[in-house]
Structure formats: structure tokens, C-alpha cells
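Chain lettering (A, B, C and D) follows the sequence in which the chains are written, and residue indices restart at 1 in each chain.
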Amino acid sequence: MSVTATDEDRLVAQFEEVLARHDRVEPRDWMPEAYRATLVRQIAQHAHSEIIGMQPEGNWITRAPSLRRKAILLAKVQDEAGHGLYLYSAAETLGVSRDELTEKLISGRQKYSSIFNYPTLSYADVGTIGWLVDGAAIANQVPLCRTSYGPYGRAMIRICKEESFHQRQGFELLMTMMRGTEAQRAMVQESVDRFWWPALMMFGPPDDESPNTAQSMAWGIKRDTNDELRQKFVDMSVPQAEALGVTLPDPDLVWNAERGHHDFGQPDWDEFATVVRGGGPCNSQRIAHRKRAHDEGAWVREAATAFAARRARPTSD
Amino acid sequence: PQVLAAYALGLGDDALVLSHRLSQWASNAPDLEEDIALANVALDLLGQARLLLARAAAADASLVPALPAGSPVPAEDALAFFRDEADFRNVRLVEADNGDFAVTVVRLLLFATARLAVLQRLVASRDAVLGAIAVKGVKELTYHRDYAARWFLTLAQGTAESRRRLEAGLALVWPLHDELFRTHAVERAAAEQGVGVDPADVAAEVDVLLEQVLSVSGVARPAVAQTGPVAGGTGRDGRHTEAMGRLLAELQVVARAHPEGRW
Amino acid sequence: PQVLAAYALGLGDDALVLSHRLSQWASNAPDLEEDIALANVALDLLGQARLLLARAAAADASLVPALPAGSPVPAEDALAFFRDEADFRNVRLVEADNGDFAVTVVRLLLFATARLAVLQRLVASRDAVLGAIAVKGVKELTYHRDYAARWFLTLAQGTAESRRRLEAGLALVWPLHDELFRTHAVERAAAEQGVGVDPADVAAEVDVLLEQVLSVSGVARPAVAQTGPVAGGTGRDGRHTEAMGRLLAELQVVARAHPEGRW
Amino acid sequence: MSVTATDEDRLVAQFEEVLARHDRVEPRDWMPEAYRATLVRQIAQHAHSEIIGMQPEGNWITRAPSLRRKAILLAKVQDEAGHGLYLYSAAETLGVSRDELTEKLISGRQKYSSIFNYPTLSYADVGTIGWLVDGAAIANQVPLCRTSYGPYGRAMIRICKEESFHQRQGFELLMTMMRGTEAQRAMVQESVDRFWWPALMMFGPPDDESPNTAQSMAWGIKRDTNDELRQKFVDMSVPQAEALGVTLPDPDLVWNAERGHHDFGQPDWDEFATVVRGGGPCNSQRIAHRKRAHDEGAWVREAATAFAARRARPTSD
């Protein structure tokens, strides 16, 4: 059934009305192809980030220094797998399968958050990722709970709730370590030094270099600009860093009473561009890991499919 | 209380070490669903391990390794991170690397089936704490056993490749199966005192259950010898496999680098 | 002497870590001949590491970690077993697991070709000890490079499977190649003082040699990005890959359990 | 060309004359089928023991507590691979290939020394294996340097030389550890306690239960009985244990002035039988390791063969 030009105009009008009302677009609703493509790209990237994000933290599960922390960390990495699942499901409502998206991740045709291309080098990184990386993710994601596409928005509500929990756990780990030995405090500071700038990069390039932001905001897929979110994150993090007793590695960071915000330095955007293009410290490692796990699991998935097919046969006639 | 403590320690170490192995599947499983499921099992076992180690420490403080005065390390962590290999009391079945998914499924099936049967009796322990741990554990182990049995059947009847791997996994893991039912002096004493379970008492019922899984799956019991003791001792005596030292090196490295650390 | 010590430490750590990885092939190689050959390479590198670490310790005793008074641990072992990850100065190329034989061959080819070129110049070091180490090393590295190049060609032109694996190995290892030639401040200072070699100076000649191996083998240079720094630093700054912590946990576990041990 | 009964009688006579003169039988010489089969079995078992023996010691290479010890251990494990090579080559002179023998090892149709079915559980085991296990191996093997089959005897000469070196290194490690800390001394004693009885088992069952000994001695393949060698080993080890300061775990061990030898207890021969039948602590692990390494290396060996064939073609016509 093809859609005539007039039909299309009417559909576009309806669609824009839904957006204007801040209502949700649902899978069965008509939507413009570009909107669908943008959503698929964004949801997929988000899902991939959850899955790849399991690696840097998973790196420390076997070395967690207390059983309580081991349980917390394992549960967190498990939650990330769960988030990946919700998001791949949301993407499936737009007509793309998890397999397809995984294929695109492994072949490098779809991205994931550049932050996960940095290594975790000490147990403090588990805390710092919770505090700064999950913190930045939440700042990015809370507005997405109100995003225009229904399944995505609902997935985000659930995810944000869990992410806040993770963020508090990360902060609490750092807080505990800061009350520990001198070596532990040094470990926390060193970790914060490594992750601060990459965390700021998580909001994406400055607004004047972010070409897709306007369209995404018009479609209600995005609700705030990169720089707005970055500012919010910095303002939130400064008092937390003080509470922890760590220094943020930015000499330009200072309260600006006039703006009612902190002024702060710019991350190294060349580094960001390099990491996005595949030249971060862990890009090839992360993809190789995912590819290996996926390839090594192929025989299991095939067995499950074959088994299900065999079971279905006798009862299906 | 020494008997109770030693008994709880053995069960706790089993859970701790298998949990550690299963946790290594995180981000490595064949599919997201299995990643989540295996993490669930690992978390359940880790939870049991913590309760059991805490019970052991409470019943016999002399088991807990000494740490520098004023160290904030809790007893469960002192036991997990500061004991040496020979002081671990887990069966050897839980020690080896995970191998592929088939090996993991087989090991979990053998472990969970036996452990569930033990916990079902341990519910009646004269030690109320162990009894309560068992009540919680029964629910969890039932899920673990069913999960493993379901995958055992799936792999057995999936593809030729999955069946080949399942049978190879079974042959690999099977030699360490009997140790689960070989009564150790500590277990005998715990059973006599009514606080623990003699694992030999559940051997027959476990065997019936495994036989069901094998026969439904159409898989034969492997014809391989059981793994013998070392100088007369097995895992429950602190005589482990070569995998154990490496496992502990990784498990304990951060904690030991910071014996006075807070986490 | 600080510069000399720091320079020797970097070279020594490269050799130590790669030797450690290669030693993991023992009893695991594709054939007895390769088991023996890889052990040879590992032994050569281990020998170089010992000389280099000893040179570093002699030139700057402050590099050597403090141990309990009266500890009999020699300086080379204090450096190898009692430094923490951030104090190791090796390039990141040498850290990852061996992977399959193809990955091992590719890594050895890239490392040995670059290291040989450095040692050929280091022979003229104003530090006689480094010069002597280089003389010995040139002979060894020539063998390592030729061994790796021979296998590179064999795998490239062997079977479809070996070629597939070789190309995958090359793509995996290649991103860490440039770091070998990125001049670190220590290397620049050592070169200026005439005791060390600026690795950037050998980049072009190494590239010609690699190009020869690639073109004889009919293998294309992989189109993958180079691995970037972490917070502005690389291996020579003590910023390593995630593999390094696990490697050290295993390498150091026995020595650290016995800080006053004699071996 | 078939051999008539009279020819055969003549060949047997010549063969027995060679043995009587304590001369060597060489690959090109005629030999009885049973002699050849016994030799193949013995040499293969010996080669397999070297190869499997790499595992228990190889287990500690990555954890050697000093760089000097790491070099010594790695070189030793490498020597074992070398010994395996010589011995497989000796077996090849009898018309069996290394591949065939490896196949028989992996499928369990050929054995290796039962001692390698015990695990190495501490670094002291590296020393104890050198001292006791290599010591027992030397006691078994020195007579084999005079064995009737030439290639085997010559391989043994080279091997024994290296084994003596290894034994001294092992003893020296234990000696050094005994001069170390209390924990190190305890580690050595615990290791000796574990390995003493399995080392005694290395000489095989008591003479009255060793059915093949007589024939092997008649053929000059074996030169001493199991019990003779075991006695020699015990007599040699007792003063060494005293020098070390360790106790051998045998309450019946005592000097018998009348015999001029030590009396000693019997190992647990049931355990020995169980281990030989596959029920030792590491049997399945050792074979699984060898099989994995062999299987994982198949593609490399195939590549080398294909490469060599390709190279051979252009120049072969």
C-alpha cells in the first residue's frame, strides 16, 4: 500500500502535532523515515554503549577487594546487560534486529560512547566510573525519559533509575576509599585525573560543532544541547568533588557568580575526535573482545535455535 | 563450634570459588540473556558464600587470618582474601577455568544438583543460622539446577557441534564429581552433631536426578576415572588443583596490596 | 645517571614483559620445535631484562623499591616483583595475552624488528654496559626477527585459514606499533647524552624492513587507527593496558607473599 | 623378500650374539618383532613422560619468585621438550612417527610416567621435582645409557647429562629455600611430604609383580630390577634429605647395617594402580591440556606443510 503525497502531508501534520503536544510516538504510528533512522542510530549507539561498557568495569570483578564490592560490581555489570536488552528491544520496535545491530557494532559501522575506550587501571576506576561516567550518562539521559519515541522513553525511565543507584554506589566507594589509607586516596585522585576530561567529552562536541542537535531537538529526541548538559554536569560535580576531597584536574575551573555557573576549561577536542575515529586507548580491544565473545557464542545460539525448532515441530501441526 | 565453623567454611568456599568462576562470564557469554543469567547464579552463590563465611567466623574466630591491628577488614573478607590456598576447603570441582559454555553448564548441573540436595536437608540444621541460609539457598539452587538442566538438554539436542561439546564437557568435568559425595571428617562430625549434612547421604538421590537429565538428553554417563586424592587429601583438606593458585592470585591481589584498606 | 637508569628501565621492562608472555607458550606451542624456539626467545629476552634492570638499579638506586631491612632480594628482583603497575615503563605492545600463534608471530616481528634497529645503534652507547648488552642483544634479536619473519611468510602463504589468522593478528597488534617509535622524554634525553637511542630515528628503516616482509608475504598494511594515549601518557609513562594488572598479579604473587624469601 | 625359518634362526642367533657382547643393535639391523614392539612402547612412554612432564613445572614459570629462577625453570622445561624430540626421533628409527605416538598418547593408548599425574601446588615443588623426581628418573635412566638399542642408548646419554644438571638445580633451590624464612622451610617440607611416595612409585611395582622385567633384562633394554633401583634411590636420598634438613615421611625408614642399605616402607600400591588406570589427581587434566595444545596447533602445522609443499614445487622438476 503506497502513500500518496496528500496522505503523507496529513501524516506529517499528525506526527508534528504529537511532538508539539509532547506526546509519545508509538511503534504503530506513522513516522518520517529520517526520524526513524535517527532514532535507530541513537538507540543502537546507546545499547552498544551499555554492552561495551560492561568491559571496563567487568575487568575488575575478579579482583574486587571485598566481597560486598564484588557483589555490587557484578550486579552493576549485570544491570548494564539488562539495559542493553531493553534498548535493543526498543530498537526492535523500529524494525531492526539485535543481530543486525550487533553486526554493525562489531564491524565498526555503529558507534558507542567514546568513554568506554579508556582503560580501567585501578579499583578506584570502578568508583570513578560510577560517579563521573554514570553521572554524565544520567545528565544525558534524564531528559531522554521525556523523549518523543515511546518505547525509548520508557526504557530510559527504568535505566535512569538504575543508573542513579549505580552513581550513588560509585560515589560511596570513592568516599569510603578516601577515608582509607594514603595509598587509597592517591588511587582515587589518580583515577579522577584520568576520567574527568573524558567524562566531559561524553556530552559531545560544543554546540557550534554539533550539526545534528537542532534536528534532534525539533523531533523531541533530544531535549537539551551538549553545552547545557555539560554545564549542568560540571556544576553538579564540583561540590561532590569537594565532599570527596579530590581535586578536579582543571586549572580554569572557577565559580562565576555572575553566570551562576562554574567556568571551566575545554577538553582536548582533538583527542575526542581521535577516539571517535577509533584511535582511543581501547577501541580495538573493546571491539575485539565483543567480536570474540559473539563468535565464541555462535554455536550456543545455533544450538538453542535448532533445539527450539525441533521442539516446535511435533506440536505445530 | 569448631565443627560447625569448619563445616560452614567448606560450603562457603565452594560457593565463593564457583561464584568467582561464573563471574568471569560477565561480558563473555553467548548472549545477553545468558550473561544476565550467569551473573544471577554468581550473585546468588556469592551471597551464600558471604553468609557462610560470616557464620564460620562467628563460630570460630581462630579461623580468621590475623591482620594488622586496627585493620578495618571484615571477617568475611579476611577469610576470602587473606587465607592461603591450603586453608581453602572447597571441593576441587569448582576450581578449573570455565572452559566453554558446555563445560560451564555441566559443572553447574553437577554442583547445583548435589548442593540443592544438601541444602534441602540442611534446612533442619540444629544451627538456626545455617538453617536459614539453607532455606534461602534452596530457592536459589533450584533455579540454578533447572537452568543448567535446561541448557544441558538444549545442547544435547541442539546441533551436532553442541552435542559434541556437551559430551566433551561432561567427560572433562565428570572425574571431579564423586568428591562432592566423599564424606570428609568435618562433614561426618557436623552430621553427627545435627548441624550439617553428610553428603554421602544424598549421593543416591542426586544420582537418580542426574540419570533423569542424562536419559532425557540421550547422553551416556562418561566412562572416565574419578580424580584421586593428593597425599591422601582432597579439596576439603586444602589439597587443590593447579588452577586454584592462579585463581587466588587474581582474587586476592588488590585486597592484599592494601591490608589496611577500606572498600 | 637518572636518565641512563630510566632509559635502561624502559628497555628492560619491554624485554621482561614480552619474555613473560612468550614463556606462557611453554607446553602450549603448535609443535615441539616451536615450544623450544619460543622458549629460546623468551630466555634471551629474560636475560636482556636482567642485565638492563641491573644496569638501571646500579645507575639509580632510588628506582629500586624499598624492602624490609635485611631482605635478601636482589635489585633486579625488587624491580621486577615489587614495583606497582604505574612504575613499569614498558611499551603497551608487549602486554596483551599471546592470542593464537599468528598474533604471537606478528607481535614478535614488530617488536624484534624495532628493537634490533635500536640495539644496533645502542652498541655505540657512551655507557659501556649498555653497549655490551646491545652487542649481545643484536645477535639474539636478529634470530628473533628472522624467526618471526619466516613464520609470518609461512602463515601468509600456508593455508587459507593461516592467512586469515595472520591478517586478523596483524590488525589486532598493529594499533600498538607506533608507540615503539614515539620518542619519550627519557629517550630523548638519553639520546642527547649519547647513552641511548631515539626510537624515532629508526622508524624509517624499520618501516622499510617491515614493508619487505609484508610485500614478500603479499599482505597489506592494515587500515586501523593507532592506539592513543591515556591522559596524555603511554606505557613509557606507566599508563598501561588492562592486561597489565592481571599479568603482574600472576608474575608477582609468590615473590610478594615472601618479601624476605630466598630463592 | 621373505625370510625362511633357517634364515630367521641365523638372524636370531646373530641378534643374540650382539646382545651377549653388550654391543648396540642399530636401526638397519634385523631384530625380533617383540623386541621392536617393546622398545617402541618404552621409548614412546619415555618421550610422552618428557612432554607431559612439561606441564607440572610449566605451571610455575609465570610465577617464579626471582628472575634467575624463572630463567632456570624455563630452560628446564625447554630441555624437556628437547628430550621429547630426541626420544621421538629414536622411536622414528623403529618406524613409528611422532604423530602416531602423539595420537596414542592423547587417546590414552600409551602411558607416561605416573608421577606427572600429581599437581604442583607451591614453588617448592619445582625444587622437589628436580631433586626427587629427576633423581628417580636418573636412577632409572643411567642404566639405559647402556641399553642394547643404539639410538635409544645415545639419546639417554645426552638426556642423563641434562637431567643430572636439573637435579642439582632442584636440590640447590630447596637448599636455598631452607636457608630462607620459616614459611619457606615449611613449604619445602610440605612438598617433600607430597612427593616422596609418588617418587618411590616411579620405579614401578615390586619385582614379584613386574612381569615384563625378565624379558626386558634379557634383551638388554633394562639393566636393573625395579626393587634394586628403588633401594639405590632411597639410599642416595636419605643423606641428601639430612643435608637439606627435611624429614622423609616414612616412619619405617631406618639404616640396616646388616644389609648395608636402608629399610623402608612400601608406597601405597593401590594408589599407584589407580593412578596408572587414570584415577590420579591430574590424569584427565594432563591429557586435556596436551589435546588442547595439539588441536589448537593443527592449523599452524598444516600451514607449514602447505607452505613447504608450495616451495618444493617450482624447484622439484
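Going forward, a residue touches a chain if its C-beta (ideal position, glycine included) is under 8 Å from a C-beta of that chain, and two chains touch if they have at least 3 such contacts.
Everything numeric here is computed off the predicted structure, so don't read it as measured data.
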| item | value |
| --- | --- |
| Distance from chain C to chain B - Cα centre to Cα centre, in angstrom | 40 |
| Whole-Å gap separating chain A and chain D, where each centre is the average of the chain's CA atoms | 58 |
| Distance from the mean Cα position of chain B to that of chain A, given in whole angstrom | 35 |
| Sequence positions of chain D contacting 2 or more other chains | 63 |
| Per-residue multi-chain contacts in chain B, two or more chains | 245, 249-250, 253 |
| Chain-level touch network, classified as line, ring, star, complete or other | other |
| Each pair of chains that touches, named by its two labels | A-B, A-C, B-C, B-D, C-D |
| Residues on chain B engaged by chain D in the complex (per definition of touch) | 85-86, 96, 171-172, 175, 224-231, 239-242, 245, 249 |
| Chain C-touching residues of chain D, taken from the complex the two chains share | 51, 54-55, 58, 61-71, 74-75, 77-78, 81-82, 84-85, 88, 98, 123, 173, 176-177, 179-181, 183-184, 289, 293, 296-307, 310 |
| Residues of chain C touching chain B in the complex | 84, 245-246, 249-250, 253, 256-257 |
| For the chain B and chain A complex, residues of the former touching the latter | 16, 20, 23-24, 26-36, 39-40, 42-43, 46-47, 49-50, 53, 72-74, 76-77, 80-81, 100-101, 153-155, 157-159, 161-162, 165, 250-251, 253-255, 258, 260-263 |
| Contacting residues of chain A [partner chain C, same complex] | 56, 59, 63, 118-121, 190, 193-194, 197, 271, 274-275, 277-285, 288 |
